[in-house]
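By letter and in written order, the chains are A, B, C and D; residue numbering begins at 1 in each of them.
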Amino acid sequence: MATIIVEVMLKPEILDPQGQAVASALPRLGFTFAKSVRQGKRFEIIVDGEPTAAQLAEVENAAEKLLSNPVIETYVVRVEK
Amino acid sequence: MATIIVEVMLKPEILDPQGQAVASALPRLGFTFAKSVRQGKRFEIIVDGEPTAAQLAEVENAAEKLLSNPVIETYVVRVEK
Amino acid sequence: MALDTVATAAANPTTEQPWRELGLKEDEYARIKEILGRRPTSSELAMYSVMWSEHCSYKSSKVHLKQFGEKAPKSDALLVGIGENAGVVDIGQGYAVTFKIESHNHPSFVEPYQGAATGVGGIVRDILTMGARPIAIMDPLRFGPADAVDTRRVLPGIIAGVGGYGNCLGLPNIGGEIVFDETYAGNPLVNALCVGVMRHEDIKLATAHGTGNLVVLFGAKTGGDGIGGVSVLASETFASGKAAKRPSVQVGDPFAEKVLIECSLEIFAEDLVIGIQDLGGAGLSCATSELASAGSGGMAIQLEKVPLRDPSLSPEEILMSESQERMCAIIEPSKLSRFMKICKKWDVTATVIGEVTDGEHLHITFNGELIVDVPPRTVAHDGPVYNRPIAKPAYLDSLKPVTLPAISNPKEIKAALLQLISSPNIADKSWVTDQYDRYVQGNSVLSQPEDSGMVRIDEQTHLGVAISTDANARWSYLDPYNGAKLALLESCRNIATTGAKPLAVTNCLNFGSPEDPGVMWQFSETVRGLADICLEMGLPVTGGNVSFYNQTGAVAILPTPVIGVLGVIQDVRTRTKMGLPAAGLEIFQLGNTDDNFSGSEYAHLHGQIGDHAPTPDIDAEIRLVNLLLEAQQFFQSAHDISDGGLAAALTETVLKNSVGATIELIEQYIPGGLTAGLFAETPGRVLIAVDPVNIEEVRALSNKYNVPMHRIGKSGGSALVINGESIELTELRRAHTETFAKLFN
Amino acid sequence: MRIGVVTFPGSLDDSSALRAIRLAGGTPVPLFHASDDLKEVEAVVLPGGFSYGDYLRCGAISRFAPIMASIIVAAEHGFPVLGICNGFQILCESHLLPGALTRNQDLHFVCTDQALIVENTDTPWTNGYAKGDRIIVPIKNGEGSFQAGADTLKQLEDDGRIVLRYVDKNPNGSQHDIAGISNARGNVVGVMPHPEQAIELLTGPSEDGLTFFTSVLHTMVGR
């Protein structure tokens, strides 16, 4: 059993009101570290056994087709160590 | 400038309707790799310079207080390489 | 480690059991042993403990609630009364309506979004269970002070939760309340009302009969939600103390509920079920024991068949789980395949978990081993009944009359009015209600901020229903008997103001700890008042809910009986709205004002609560309702005068369509003068606008019903002018609408 | 004149859309997501709601419904399609319309009576309006903020494909105050506001929305 991670973020040019809301809430709580914040999604996909290259290609495919919307988002697929 | 990542996931015992919806949509599209899917959030926080230990502690603190809801979620803070 | 079976229990009568941890009293545990003739198995103990809890058994309230039955007025409208999941009333033309309020207070404090969301989900299932299509919801809410830090945590989450779940179900939110008071800090109240409609012949009941009929569980899979103290049992039974982690908060899945609704309605339409019960508090324990005890025989359940989300659940936990979005149906075997087909169409998991037997017991097995063998009635209905001690609380002896500076100069009027209408309790609530879908289903005739919500039931005949929920907790604090009466009367007035005729009542009684004799006195007086007023008004109580233990430390919340009244309107096109529609109308106040400020918002702003609630004039209220119904055709607008007095009513009336008004109050005619005229909350008053050509008709009717009718002004202009002092509508609007955005954005 | 309304799991305004078609004088035909059968309808409405709970992204899962395969093919041949709210989101996810609908700027669900200007009247759904008509129609959504790349926006503007624009206030942060757009051919229209909830004064803020449904009926007759 392994975990494949798909991370989906809004493209930099797309407005991210959730990230903005966080960025403006942080200093109100006294946190001053952030120059900017973006919020995205994270999918943890559990697969049987070690992920094969074919399986990873499938996940890429699913990330492209379903898990992200290429019009506004980008994604990254990785295997959790 | 560096990027600190905060990953927030629902605790395993908490119902994740979104992850479930994805898990049941995948096979309808012919993707059969997933045993289960959980969906969470990912925050990309841009900070000035290399993150210091103190800064990371601050981020932990913010993750606990603002970015996650400790009643139902857990979080991980990491520095993006 | 081993399963605690009935055989084990019989063989090991002295095994220590954690009944105390499960909230049972010593005598209650003894009763269980007496009923069974042996010690309970751990699964049985789990079932009894949760079904005999305050929440499920009404053990502290039962002796009082029975007045609703004893004093019940004769009503032909009542098709299903108290005792079922929700009462059902006949509204004519073959339609039946079911409605009920429930509380979800404590979960909403712990996790505001999910607590409120699952509160909506639960009441909607209660309505669905009756065979009805849910058609609208309302949400009476109470919070601590608006500017308190915790209110800023709790309120946005609760609003988002009510909206998140209700919007996703496609239920228009047509009303509710938002009230702030110190006593709700640390204990917000989230009450949710749902109303549903069906044809008479489609009413469904929670009953299991017909030997060999199947018990089907359908909807979401079962997880470890809401099993709380029962995990004690799991760790006992499964030894070694390493019970898996159980969620402390339930997460709702409104999408699952939406498909469950559509699936169930399709199943009902094909008449595929004999009985049906939703799974709410106490989950399967409640559903199986209630279905079986309302049926003819017994029931056999194979618990291992229950589809699990969390495979580590023990049988005790499966029985206790309060996982949301589940239903339990009794169906004939011949109808199973059709039933399953519909479930498949909606992608709803459905599993046969047992059958109705010709025995008398509820038998539950787990992988073939008998773990529960009980008479179902003893679990579902024969719980303990307490006559808790009652004592009139001491605070009632130290109440002080309200002392307020009298206002007479126009400048002071303006300042006081602006302060009042911008106070959180009176301010415009659109910041909240704009987060709720009020349009979905296309039948919302009236929604907030109108006096009552109204939905069309039949597009051809224009039949509709109206609902209003009300509570005046400060009056209940001063005088719980009359407070309950006043709340119901206000609800009726709200219904009649929009043109509907009051028909039936539901309620949600939110109180502190029943173990406090003072709270118990408030409760018993409330129920007595409510039962009396229902009899006097001829309205049946169709159901409700009791929520105790609403307190922070030793401080109980204000006694908060939330009353919901359902009314019927034959032609929704004739409904009356609250906003002035045009200039040139004559404005009247129906009913007299007096100078009692006790419990009013105006007194509250001055840090006072006063010493006595108004004494309800029931005869006058009935005459007013009758006048409203008969004269409605002549009203251009009508608005109930209550919270915030005439000042608030006028503000809302002029701002609705931005039509101003010029008002002249004649000081010497009003006991208490201008201050009372504007800010007193004397019940039994309504603000109306009438076209000059209809004044004589309205006057004649007000004479007929002997309701005082005072001309107080005229509509028109871009300001609200009171006794010469002018407030531009823009300024009025700013004061009225800014408050919530400032507090919560 | 048969006009279909698709019910996806979680559709909410399907019954209102069917009613609107009826009140406009058409024959409403319920369609189900799981079948690819368009039942000989001559136009189709994808209604509002929370299909699949709006989980993942609004419209992302519904886009793959069997009925959508038929609709996509038909739409490419000029078949009139109207997506309302969730329907608009599904059309964007299906790439029948450009851009995407994202979280409202203030992160709240918003239900309000919204003033709009009708800009493109060359679509089967809006030809009953006059260019520049100001209408009041409810909006009710949590993710109605229209976002697209600069090129797409320019093209939409240059080609006059903005069907509805918010006026007085922009309720959600939509780029260029966009409330509705069409595809290049004009037969596919997506709008965030709910015309089907503005068809009777009794239950809506206006009757302004009915023209969407009468328009398509006239278009079909005119063919």
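Keep in mind that, in the parts below, contacts are C-beta pairs under 8 Å (C-beta built on N, C-alpha and C of every residue); 3 or more make two chains touch, one makes a residue touch a chain.
Predicted model, so just to flag it, every value in this text is computed and none were measured.
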If I rank A-D and B-D by number of C-beta contact pairs, which comes first?
A-D
How many angstrom lie between the centres of chain A and chain C, each centre taken as the mean Cα position?
41
Per the centroid of Cα atoms for each chain, what is the distance between chain A and chain D, given in Å?
29
Taking the mean of the C-alpha atoms as each chain's centre, how many Å separate chain B from chain D?
34
Whole-Å gap separating chain B and chain C, where each centre is the average of the chain's CA atoms
37
Contacts with two or more other chains occur in chain D at residues 52-53, 55-56, 61, 64, 106
Among all residues of chain B, which ones touch two or more of the remaining chains?
17, 21-22, 25, 29, 39
Among all residues of chain C, those touching at least two other chains are 253, 255-256, 347
Can you work out from the touch definition every pair of chains that touches here?
A-B, A-D, B-C, B-D, C-D
Looking at the complex, which residues from chain D come into contact with chain B?
52-53, 55-56, 61, 64
Chain D touches which residues of chain A in the complex?
10, 13-15, 17-18, 21, 66-67, 69, 71-72
Of all residues in chain D, which touch chain A in the complex?
56-57, 60-61, 64, 92-93, 95, 98-100, 102-107, 145, 147-150, 173
Give the list of chain C residues in touch with chain D in this complex.
160, 163-164, 167-170, 253-256, 258-259, 262, 345-347, 433-445, 456, 459, 572-573, 745
Contact residues on chain D for chain C in the complex?
9-10, 12-13, 15-16, 19, 34, 48-50, 52-55, 106, 108-112, 138, 140, 142, 194, 196-197, 199, 202-204
